[in-house]
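Shared chain: subunit A. Partners: subunit B in the first complex, subunit C in the second.
The block that comes next holds the complex of A and B.
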């Protein structure tokens, strides 16, 4: 065991040194002569509106020029969510003496435990606005406003979590942990499926312009971006809810 | 207009500083919550109102007013629920006798 730890420490030290040496060789961040500033940035700034139909070129870079990268990020979030849920659920299955503990039954919300009419009214007032704002961040994301799938997913998850916290697991506006895991998978699938669709239409993976719709290329790009943003939103929202659900159950057992 | 905005901003600063002092100096959970809940709410509201006045009347100041509305809604209710939860779970309020 000690040997393994010493080995791990050695690997960490060596990697740190290598990364620091590597970071030292990178060009300075605001250096106008660096390769990133001389070729790529100008292209994004000058051409992204006409090439992708997205007024926000952060969205254009994330969802179009570097669509592969974002697919990877979405998959990472999904995988991390799965891993967290698996760890939390297996940790609660056996207590300290190795006795199996059943999963917690439907938990009570705050409203039943120590709530008042103040809390109930406030939650009822806030939840619709939070949901609306989440959808607005998603829909407005590509159209020149800040926003996009990741933020929208987080905001929508907050709406569900408020409802779940206040009204308990029996809340009408709720997504159960199991359903959330399935939805996270579906979200990731939607993203990848958009890519596969463009493959089927004879283009490259995530080459939106190839879609056989009667639109201009920019509109097709915009449509493709919307498609993958919806996938990202679903994935992020459902992953956050699944992790929250696993944590809440763990609390209720102990 | 700028003077009104400055007055609002600095009174907002004042209340936030007082609230932070209260959180550090007060003796127990309830009194600290009292400082954070009341002082911060008024402080942030004045602060953001000051920004809205400075900005003049347009869409951005409408958004700022919405922020004020939601802070007014969320902060006191958070304090209310927290103190209620603490009291229900048996935390005794601080009194001078207990010293």
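The block that comes next holds the complex of A and C.
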């Protein structure tokens, strides 16, 4: 045991030294001559608005130029959420075997347990604004504001988690764990379906410009970006809710 | 362009909060320190001029803190020792 600990310490020290040496060789953060800002960045900065119709470079790169990578990330989120839910639910089954859970005890939220009117009233004011902000982040993501599908999905999920925490499992503003898993699948499907649609119209995967609509190329790209952002939002929101539901339900059963 | 001193200060605070999250006896305190670590990471990204990454980090920090606290309540164990 002592030997293992000494070995671990040695590995950590060596890695720290190597990382510090490596960090010294990195270009400065705002250096215009650094490799990151010399090759493709200029093209994104000059062309992304007229090519994709998105004022936010980050959204343009994530959802258009590198749309295939973002599809992979969305699939990773979906798969990770699925794995977490499967693990948590099987552990919960093993835990509650042989135990009878009284029904009245299972769907109680924080407000019933602590009986505070403060939480109740605060949640009533906070939840609509958080939801509205989530939608604003989704819509404004391509318009020069920071934001986009991932952030929007997480903010919307936070709104529902607040509702779950305060009003319990019987909250009116709620998405159940099973429905959340289905929604996560649908979100990932929407993303991939946009890609398949462009394939069916005879283009490359996620080549938005091929859509047979009477629009300019930039508008077609905007439409495609909106489509996949909605998919990402659904997937992220539903995955977070599904994991939270699996965690919280486990707590309520025991 | 903000000074390198401010950035270094933020990174120092990240190190402090991260280490105290590691060594805190109380697991709830550990979670709160981790949340503070996430907050300083947000400020660092903002200082470096990456608002999109900062936004993502802020949102993920909130969500992960919620997950940790729900898991902690499930564990019924307050301290690491």
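As a working rule, the second predicted complex is superposed on the first by the 207 of 254 C-alpha atoms of A that agree within 3 Å, B and C clash if a C-alpha of one lies under 4 Å from a C-alpha of the other, contacts with A are read in each partner's own complex, and residues count from 1 in each chain.
Keep this in mind: a residue touches a chain if its C-beta (ideal position, glycine included) is under 8 Å from a C-beta of that chain, and two chains touch if they have at least 3 such contacts.
Every value quoted in this text rests on a predicted model; they were computed, and no experiment measured them.
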item: Fit or clash between subunit C and subunit B when superposed on subunit A; value: fit
item: Partner chain in contact with A:238 - subunit B first, subunit C second, else both or neither; value: neither
item: Partner chain(s) touched by A:154 [first = subunit B, second = subunit C, both, neither]; value: second
item: Touched partner set for A:63, first subunit B, second subunit C, both or neither; value: neither
item: Partner chain(s) touched by A:126 [first = subunit B, second = subunit C, both, neither]; value: first
item: When both partners are placed on the shared chain, which of subunit B and subunit C touches more of subunit A; value: C
item: Subunit B versus subunit C as contact partner of A:206, first or second or both or neither; value: neither
item: Touching partner for A:247 - first (subunit B), second (subunit C), both, neither; value: second
item: Subunit B versus subunit C as contact partner of A:118, first or second or both or neither; value: first
item: Gap in Å between nearest CA atoms once subunit C and subunit B share a frame through chain A; value: 11
item: Residues on subunit A engaged by subunit C in the complex (per definition of touch); value: 29-30, 56, 58, 137, 146-148, 150-151, 154-155, 157-158, 161, 165, 240, 243-244, 247-248, 250-251, 254
item: Complex interface listing, subunit B residues touching subunit A; value: 70, 73-74, 77, 80-81, 84-85, 88
item: Touching residues (chain side subunit C, partner subunit A) in the complex; value: 1, 48-49, 51-52, 54-56, 59-60, 62-63, 66-67, 70-71, 73-74
item: Subunit A - residues contacting subunit B, complex; value: 110, 113-116, 118-119, 122, 125-126, 129
